[in-house]
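Got some structures for you, see below.
Shared between the two complexes below is chain A, which has chain B as its partner in the first and chain C in the second.
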Partner chain A sequence: MSNKKARNIFITVCISPAIILFILFMVVPTVEVFRMSMYSWGGFSNTKEFVGFDNFKVLWNDAGFIQSFQNSVLLIVLVAMITIVFALFFAALLTKENLKGNNFFRIIFYIPNILSIVVIAGIFSAVYDPESGLLNSVFDIFSLESMKQMWLGNQSIVIYSVAGALVWQAIGYYMVMYMSSMASIPASYYEAASLEGAGKLKQFTSITLPLIWNNIRTTLTFYIISTINLSFLLVKAMTGGGPDGSTEVFLSYMYAQAYGNSTYGYGMAIGVVVFLFSFALAAIVSHITKRDVLEY
Partner chain B sequence: MEKKKGMRTETLFKLFIYVALFALAISIIIPVVWVFMASIKENKEFYGNPWSLPDGFYFQNFIEAFVEANMGDYLLNSVIVTTLSLLILLVVALPAAYVLSRFKFMGSGLLNSFVKAGLFINVSYIAVPIFLMLLGWDSGIKELLGEGLFLNNRFILALIYASTALPFTIFLLSSYFETLPADFEEAASIDGAGYFRTMFSVMLPMAAPSIIIVILFNFLLFWNEYILALTLMPAENKTLPVGLLNLMAAERAAVNYGPMYAGMVIVMLPTLILYIIVQKRLTQGMTVGGVKG
Partner chain C sequence: MKMKHLLFALSALFLVIALSACSGGDDSSDNKANGENGDKDEETTLHVAALESAYGADMWKKVAEAYEATNENVKIEFTIEKNLEEVVRPEMQAGSYPDVFLLATDREEALTETLIKEKAVENLSDVLEMKVPGEEAVVKDKILDGFTDTLATNPYGDGETYLAPMFYSPTGLFYNESLFEEKGWEVPQTWDEMWELGDKAKEEGISLFTYPIAGYFDTLLGSMLYASGGPDFYNSAMTYEDNIWETKEAERVLKTVEKLGEYTHPNTVANANPNDFTKNQQLVLENKALFMPNGSWVVDEMKEAPRADGFEWGMAPVPAFEEGGDRYAFTFFEQIWIPSAAENKDAAKDFIAYMYSDEAADIFLEAGAVQPIEGIVEKLNDQKKIFYSVYENGALPAMGTFASTEPVPGASISDEVYGTIDSVISGKTTYEQWKKDIEEVSDKLRPAMK
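Presenting the complex of A and B:
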């Protein structure tokens, strides 16, 4: 009996601090996001007013929100598609081909992932600078003046510049992920395939892809969640949503409304919509890409 | 004839591979190295060709960043906040992960899925509610003490960093503890060790490899984080990334680029050094909580 008591005390002591911190700083704020989205609240004044779903109705006709929605969806699709192609390609090269400097490339490709997003914003401001930027001066060297752009100043291309920076920082991370699942595919499969005359591309599409499919599916969810998050952090540090709202994304618009504009209730309503949207999108994508898992 | 052609496509393929690999490697190395070089350039050097090498080692940039832009203070704040967060995180997460993964009790299944659900909560969503919560506590405390306590407080920021890292850390540590056989605990119990004794002297030391990975990942997370720091430290005690944001805005307005790049070097140098020392563990550790073993 006393042993059972000791066990209970031990369990309580061990998990209580974690549970208290988790509830206080993660569960409560999350619940608050949902609760506050129903209120009209200026923040510092204490005049909270329950308005039901009014915030969401306003959202429906808010041109700023619709633009941020379009930008975010464009970024999610672009970044996921480009990153997945590059990451798979380089992962396949580094695991399958016997290359010199294998390790060197792995180490270099992962570097963007350890840099602060503020530093990445700084780096790409230097790369995209219209006059003394690295990208434009490369075009100068090759006499391709027509390719020179105001990468961060032109409203119609700035969102692609943001996508470029996001892909740059994401490739290494996903490459390492795919490498680890590719490494566990037995080499005998490839030997058998090559004896039967299957080329490298054929081997990739009929052995590698099906066998790491589950891993790719998992990363699709990561792409959705992390692009929503990182695009906010990058845009906030690099363009501030400009020029003229052309790089405003989901959470940067939420942050601008809630923290900048002090319309907390409205900002939180945006948060709720984004939260639900990302979950729904992840569920749909995961449902569409569902295949029978191949065992090996 | 046939064989020769096969050889040639093989060589071409190899060539193509190396061109692709070097292209990506260069696109990563050049901008990073360029920032390092820009950090020792004098301001007038920024007007010419961006590819020119620095004329000399213009250390004034770093002095300006450290002294005038307060990056020295921010560096100290970042060190304090990161260290405190890691300490709090380990003290809180290790026992919790151990108990959640190896003890069955009422509600343990529920708690485990609760923690997993926490993996989906993103700091960017809850930064503003956390700010409002602290603001509310501050206005309550102001009536008692005359000044706020929770905003602009390094310890509170560290506590919140640790809390937001709990789900990932507990998840990662639990998946390690689950793999350990029960023999160790039984042996310790036969030798008369209590629960606490067993945990501290038998189980936690065995988790050392996982603990190192947890420290590495969370160090990068805490050191680089800026949205909570920006929101919760509006006045004083800024951390490095927030300081860098201010520095970037100020120097760009003043068309004085050197200190800005010096600031970027100050922020990324510690992570780069750490990465080069431990890169093997870091890229391997990524697969610890992974999908396939």
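Presenting the complex of A and C:
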């Protein structure tokens, strides 16, 4: 008994630093965000006023918040869908086909992920430049004048321009993740399938996809989290939320409210909504994609 | 079971210890703050936080040296950063405030506005009555007329000055003087002449107008409001008077901006963001657009940029609405202020009074920063004189900003008035919708005014 007690004390002492750090730097700030969302406060003074759920009531009628929410959801959906298609395609190509310069392409695809998001913003504002930009110049060469656009100026397409940059930087990262799990699928499955006369596409949908399904599920959560975070950074550096708020995402709107508009409490209320939304979305996505894990 | 209890108790204990340790830290710093208050004879360390702008950080060091030379018991410590807000905000939240701030309003992080809204800025009206250190003159006599009775210095509109004016710069429409000479064009006096010139320029493939980012309209729109309805009208708009944007004076300003959209260089909106705004300024340098709203700082900002042959900066006040009508050039200035939580307020006030001495003004001027004091224009070099003498050539000075309110969640007047301009210029929003939106936000802010 005393031996067991000593063991328990030892375990407690060993894990307590981690628990303390976790509580101090994760739990306390999160609870703090929830608490501050109930106050009307500018951020500095001692005149915090408890307003209950008033901040949340304002949210429902705030056109700026609704616009930023729509933009964020659009970005999450677009970036996840497009990236997953491209990443799977390239991953399958690079693992299954014996291409020349396999490794070279793997590195090339991965490079955008190493770049800082501010550099990416710089690259893409050069790509999207109305006059000398890569995109408009290419259309010029092929005399496709009608395709030329103000990529960052036209309010109905600028959010897709932001999505384009996000997809570009995400593909490499997810491709490498899919490649690693594709590589562990035994080659004999594919041999057997091709002997039975299954084509490449059939092999992909019936062997590759089911066997890396768990990996894909995990990355879906990553898409949600990383798009929310990276879109804020990219928008801050590339468009500043403009023109006229058309690329505002919810973290940038939260920042603008908490600091720019001196309504810190309201900003925290937006933070709470973002927190709950991303949790709920990740849970739903994880739930509806749940399949029996295939052992091999 | 027991083990679980033990674990829980222990972690709870740790949490309590950790939390009390945190709050303990706060207490001690508070005590320190109280203890250091009022020690006038001993050495005071004055903590000055200044934004590092185009003028650079060196001028502050030189000013500090000069100040310390005459005030031996004062030592000045600086925080000079380009991202000043991000650096000092955490310190301030931990209870350690700088004594003096040089940080203007209308910046994205809005730290100054936040403190104004929270009534955490010290009243500086008594500084205006102080003698400038080392001189006989009183501060308020030395500061140029009009600079200390705007909403930018008296944010609550009660006649009390909370922010002192620093580094001013006239703003207006910047253009290439030699292009106008070459083509034989006159700088338009009225908006009608402006549109005529716009049509002429269009034939030559030049757009009439561009702007760096929508935020630059704070000075252009300000001048237009002044020109349209005079100073009282401007102040009514800035204090959210009911239905003020429905008046015909306001309407013609908004309509003019909408019409300006037809004459704006097509690339402008796409480049009107913090990353690319210099591309819009480049349009003027390359004779692709005639005018842009800007301040005299643009000359230094675009110093290294390539430009059309013989390019020469010119600045015009904003056109009048009718023949012979008033023309205004908005004066932009930065502000220096003391947070209420500062430790050494008396020393800070003395330091601010010193900012208006000839000695300090000369040091600032060397770095290109112009103090709003009597006789400064005579000291300027020729290039600068052209801009600063705009008021001697018939333009009226315009100053001010929106009145401070209690923070209202989701209601930002500058987003609504200036941010929307991107949409108005691109044609997505009509001036009627714009007007309606501004009225709506004004309605929300009016009751929140102090």
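Here is the rule we go by: the second predicted complex is superposed on the first by the 268 of 296 C-alpha atoms of A that agree within 3 Å, B and C clash if a C-alpha of one lies under 4 Å from a C-alpha of the other, contacts with A are read in each partner's own complex, and residues count from 1 in each chain.
Assume a contact is a pair of C-beta atoms (placed from the backbone, for glycine too) under 8 Å apart; a residue touches a chain by one contact, two chains touch by 3 or more.
Just so we're clear, the structure is a prediction, and the values are computed from it rather than from any experiment.
Undergrad: Quick check on the superposed pair: does A:218 touch chain B, chain C, both, or neither? Answer first, second, both or neither.
TA: After superposing on A, A:218 lies in contact with chain B but is clear of chain C.
Undergrad: In the overlay, answer first, second, both or neither for which of chain B and chain C A:64 touches.
TA: The second partner, chain C, only.
Undergrad: In the overlay, answer first, second, both or neither for which of chain B and chain C A:150 touches.
TA: The answer is second: A:150 touches chain C but not chain B.
Undergrad: With both complexes superposed on chain A, which partner does A:293 reach: first (chain B), second (chain C), both or neither?
TA: neither
Undergrad: If you stack the two complexes on chain A, which partner ends up touching A:19: first (chain B), second (chain C), both, or neither?
TA: both
Undergrad: Considering only touches as defined above, state whether A:134 meets chain B (first), chain C (second), both or neither.
TA: The answer is first: A:134 touches chain B but not chain C.
Undergrad: Which of the two, chain B or chain C, is in touch with more residues of chain A?
TA: Between chain B and chain C, the winner on chain A residue contacts is B.
Undergrad: Going by the contact rule set out at the top, does A:237 touch chain B (first), chain C (second), both, or neither?
TA: Both chain B and chain C are touched by A:237.
Undergrad: Pick one for A:280: touches chain B only (first), chain C only (second), both, or neither.
TA: A:280 contacts neither chain B nor chain C.
Undergrad: In the overlaid three-chain picture, which partner chain does A:81 touch, first (chain B) or second (chain C), both, or neither?
TA: Neither partner.
Undergrad: Output the chain A positions appearing in both contact lists, the one against chain B and the one against chain C.
TA: Shared contact residues on chain A (touching chain B in one complex, chain C in the other): 8, 19, 24, 28, 43, 121-122, 125, 237, 259.
Undergrad: Under the touch definition given earlier, write down the residues of chain C that touch chain A in their complex.
TA: Against chain A, chain C makes touches at 2-3, 6-7, 10-11, 14-15, 18-19, 85, 92-93, 108-111, 113-115, 117-120, 213-214, 266-276, 279, 407-412, 415, 419-423, 426, 428-429.
Undergrad: Given the complex with chain B, which residues does chain A contribute to the contact?
TA: The contact residues of chain A facing chain B are 6-8, 10-11, 13-15, 17-19, 21-22, 24-30, 32-33, 36, 43, 86, 89-90, 93, 97, 99, 101, 104-112, 114-119, 121-127, 132-134, 137, 168, 171-173, 176-177, 180-181, 184, 200, 214-215, 218, 225, 228-229, 232-233, 236-237, 251, 254-255, 258-259, 264, 267-268, 271, 274-275, 279.
Undergrad: Which chain A residues qualify as touching chain C in the complex?
TA: 8-9, 12, 16, 19-20, 23-24, 28, 40, 42-45, 47, 55, 58-59, 61-62, 64-65, 121-122, 125, 128-131, 150-155, 237-240, 242-245, 256-257, 259-263, 265-266, 269
Undergrad: Looking at the complex, which residues from chain B come into contact with chain A?
TA: Residues 13-14, 17-18, 20-21, 24-25, 27-32, 34-35, 38, 46-47, 49-51, 91-93, 95-96, 98-100, 103, 105, 111, 114-115, 118, 120-133, 159-160, 162-164, 166-167, 170, 194-196, 199, 220, 223-224, 226-227, 231, 240-241, 244-245, 248, 260-261, 264, 267-268, 271-272, 275-276, 279, 282-283, 286-287, 290-293 of chain B touch chain A in their complex.
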